[in-house]
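Structures are listed in the sections that come next.
Next come two complexes, and both contain subunit A; in the first it sits with subunit B, in the second with subunit C.
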Partner chain A sequence: MAFCTGCSLLCDDIEAEFEGGKVKRTMNLCRKGRAHYDSLSIDRLTPAVGGSEVRGEEAVTAAGELLAGAECPLLLGFGRSTLEAQKLGIELAKKLGSVIDDPTSRQGLIMERILKGEVPTCTFDDVRNYADVSIYWGDDPSSSHPRHLSRFSYFPRGEKRQRGYEEDREAIVIDVRRSPTATIAADGFFQVSPGGDAAFAEALLAALGGKIPKVEDKKRMLNLATKLRKAKFGAIFTGPGLADAQDGDLGWFFSLVARLNEFTRFSVIPSLPDYNTRGLHQSLFDVAGAVSPVSFEDGIASGPKFGVTGLLESFDAVLVVGSDPVANLPAPLARKLARIPMVAVGTHRNLTTDAASVTVPTAMAGLEAGGSALRSDGVRVDLEAQVKSDRPTDLQIVEMLMEVV
Partner chain B sequence: MAETEELLVVTYRGIFQEVEEALGIYSDSYREESAVLFLDGSDALGRKIEAGRPILLETSSGKVVVAAKISEEPHPGIAFMPRSPWSASLLPAEVGEGGLLQLKRFRARASPAGEAVTTIEEIGERIRVF
Partner chain C sequence: MISIMDVYQLLPKTNCKKCGFPTCMAFAVELLGKRKAIEDCPPLVEEPKYEKKLAGLRELMAPLLSTEATETGMVIHPERCYGCGNCVVACPVNVASDPKGTAIGRGPVSGKAILMVEDGVVKCVNVDQCRRFGPEKVLCNACIVTCPSKAIEFI
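Showing the complex of A and B:
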């Protein structure tokens, strides 16, 4: 059995056969996972300097020279890197006196509270065995993490949940649109207006306290509060919709989680975007006591002002590892980023590699290379290569960069 | 809704877009899954926008042409768009009070377009050249 690194569930029951560097047959992959496996032979990155293809060693040398000559470099990404590469990437940031940031990961604030032990969490296996109520808040795992509901949170039988979703589990979805997950939840879907999440939480807190909530359908909110109060084991899965709901101010969410835990155990597991986003958060937290962005310019400091959004003008070189910030950041920031000399290390061609001065291709973790990673719930897994590849691992590239800077 | 009134655009990720992204962002299939805007029927009618036709979306950050789709459920004043390089072209660069970029929603003007849907190559060139 192999792992799938197509998302942060890191499914561990994959069977695959390969032929001529392509996927021949697979078992147990979801649609997204199959596409991830098929991408082995699609749009792979090639080594280049200034837009011209070169040998891999030349690209690494040019990358090292670019970073070594910079006074204020920025490191971006690392969510699609192994734990080993992430840890060495943090050492590289320290050595360069630079900032490390993953601006497209939106749940850093929630992860930081979880890692500090201020917000209760649990594993997906706990959810499968014990959870009778799952809340998906601004989260649509049926699209982003397609086997979430079938392996862990809604459909499966578990140790204390032998009747599965038919009788033993309840799905609550709080979202601005009727997503595929909301469709599965059916009557458990609560639609909020964009930015209306805090007001919904306030109404729910009132209902939990036995007060009349200030919402249109008071009876439905009171019924929800009763359901949550009576839950035996609750799980809350957070998505980008929640993280972005109030411009990053999530005090209302933490208050609600604390209140729910006065009645019964409610654990929070963020649905993280890349296969090892959790690993990056953990690795940064172990070193800095905070998640990204973290600055090593003058000691260790963290906070949004140090990252790509605050200091972009002052960086004179960028190293992007396994990410596509040019495609995901707001266009004004993407344009600024594209004007800075950039090294892009990754598996596939994208808008960031197209804008980079130097591109360095790497092997796909879990398919062409081994290493370790943390699932969204913090469980560590050890990945193994399934096919041979001439491409170096991201760890090997960071090791080479460490030698030349 | 008035023709000139801005729509609140909320972004999301869909499974088919996730699949096409994994298979390569330079494909026609990825563009077809990403460069779309789901409008409320009355909002589309008020702006003379027809399903399947190209529409121009503009914000202070940029403009792109995407394909219009009409939602089955009503959501007047709000439109939904897959999170992608097309939506990123329109996102504001200002951070909110919590210090985070707002990558989830923005206000945009929408009108019928006389040109084809913007390609990802055009988006890449605009970022690199301007």
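Showing the complex of A and C:
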């Protein structure tokens, strides 16, 4: 049995056969996971400086020099690095006096509250065993985390949920479009207009308080409120559709969660994009008491103003680790980012590595290298290498950079 | 899914009994159950006036008779499958035969599962255990309604 590091569910029941460094046959891997395994032999990154191929050590030295020579460097990514590499990456940020940020997701806003203990959370196994209501808000795990519903949140039977999804569980999807997850939820799908999440929550709060909600279909909203009031154990899965809605102001969401918790326990688990985004959030929280972006320029400070979106022009060097911000960020920001001298450390070629002046290849965690990671519900797993590789791990690269700078 | 009425409409509807059954409707039932072949209806094959109906019936029955479908009529469209395993976990046969594996959301461990995800897409094995197998079949649809991408259909 092996782990899959294709998404933040870190499925642990994978069987895979390899032949000549390529994957031959897999069992229980979803399509996304299979593509992740297939990518072992596709489009791997090569060490390069200024566009010409060099030896690995030379690339690391060039990367170190670029970072050491910078006045205000920015560290991006680390979502696809092991916990050990993340912790050392934070040390590197401290040493450089730089800012560390993961721009792929704004779910950090929710995660920060969870880590502070202000929003209740639970593990996926609790969801499987006890949850009778699963709410997917701005989240489409069928596409982003394919085994989410089948492994934990809707279809499996659990300790207190022996009769399966038809009788024992309820799926509620709140989204701007009828996503594949919404198709499964069928009658439990509530469509909101883009940015209309807060208004929906307000109507739901009114319905929970026994008032008539100000929405078109009042009866349906009241039925939903009754369903939530009667729930025994609720789970709310938040996706990018929620975190990025309302321009990052999620006060309404936290009030709704608090109100729901007056009736019964409703736990929140964000569906995070990369396999160890939760690990990064935890590591940053342990050091800075906040989730990215965190600045070590002048003591420890955090807040959106320090991040890539706020301060991009003031950075004179960027280290990207296991991420593709040039593809993920909005075009104007990505264009600006691509003009800054950049070091890209990663497993595969992507838009960011193409724009980078120095590229450093690493091994794929969980496949070519071991390490530990946190699942999106915070459960720690220890990954092991399944195939041999001569590529260094993220941790080794960050260790070498620590020595050079 | 092919409806019995669609098949009936493409038969001669003369109740000539040459197939050995009292009515064309009875023959349609046998045809859909794969117990009789289109060629067992002599007028349809021999008489030129039924040419159009014969062509229509062959077209209608083609997916059912193709090797792509399992004996239960299940067709999996691998190009649409996400490999999410919803069908694997929701299948009542899997749940009953694999309580420590598919029933609790994990991959199959008992070897008796009828659906499993191999190479990123769902695959049907042990077809004879499916509720839709054989003459006493139950029209279970757990694997279809749980699919987010309509990758499974029964014909």
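Here is the rule we use: the second predicted complex is superposed on the first by the 405 of 405 C-alpha atoms of A that agree within 3 Å, B and C clash if a C-alpha of one lies under 4 Å from a C-alpha of the other, contacts with A are read in each partner's own complex, and residues count from 1 in each chain.
Operating definition for what follows: contacts are C-beta pairs under 8 Å (C-beta built on N, C-alpha and C of every residue); 3 or more make two chains touch, one makes a residue touch a chain.
Computed from a prediction, not measured in an experiment: that's the story for all the values here.
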item	value
Which of subunit B and subunit C A:P180 touches, first, second, both or neither	both
Subunit B versus subunit C as contact partner of A:G164, first or second or both or neither	second
First (subunit B), second (subunit C), both or neither touched by A:H348	first
Subunit B versus subunit C as contact partner of A:R128, first or second or both or neither	second
Partner chain in contact with A:D13 - subunit B first, subunit C second, else both or neither	second
Contacts of A:P103 with subunit B and subunit C, given as first, second, both or neither	first
Greater residue coverage of subunit A in the superposed arrangement, subunit B or subunit C	B
First, second, both or neither for A:N28, with subunit B first and subunit C second	second
First (subunit B), second (subunit C), both or neither touched by A:G210	neither
Subunit B versus subunit C as contact partner of A:P156, first or second or both or neither	second
Shared subunit A surface residues [contacts with subunit B and with subunit C]	31-32, 35, 142-143, 146, 180
Interfacial residue positions of subunit B with respect to subunit A in the complex	8, 10, 12-15, 18-20, 22-26, 61-62, 73, 75, 78, 80, 83-85, 88-93, 95-105, 120, 123-124, 126-128, 130
Subunit A to subunit B touching residues, read off their complex	6, 31-32, 35-36, 38-39, 42-43, 103-104, 106, 109, 140, 142-144, 146, 176-180, 194-195, 240-241, 243-250, 303-305, 309-310, 326-335, 338, 348-351, 354-355
Residues of subunit A defined as touching subunit C within the complex	13-15, 25-35, 128, 142-143, 146-147, 149-152, 154-158, 164-165, 180-181, 183-184
Contact footprint of subunit A on subunit C as seen in their complex	81-86, 88-90, 95, 103-107, 116-121, 146, 148-149
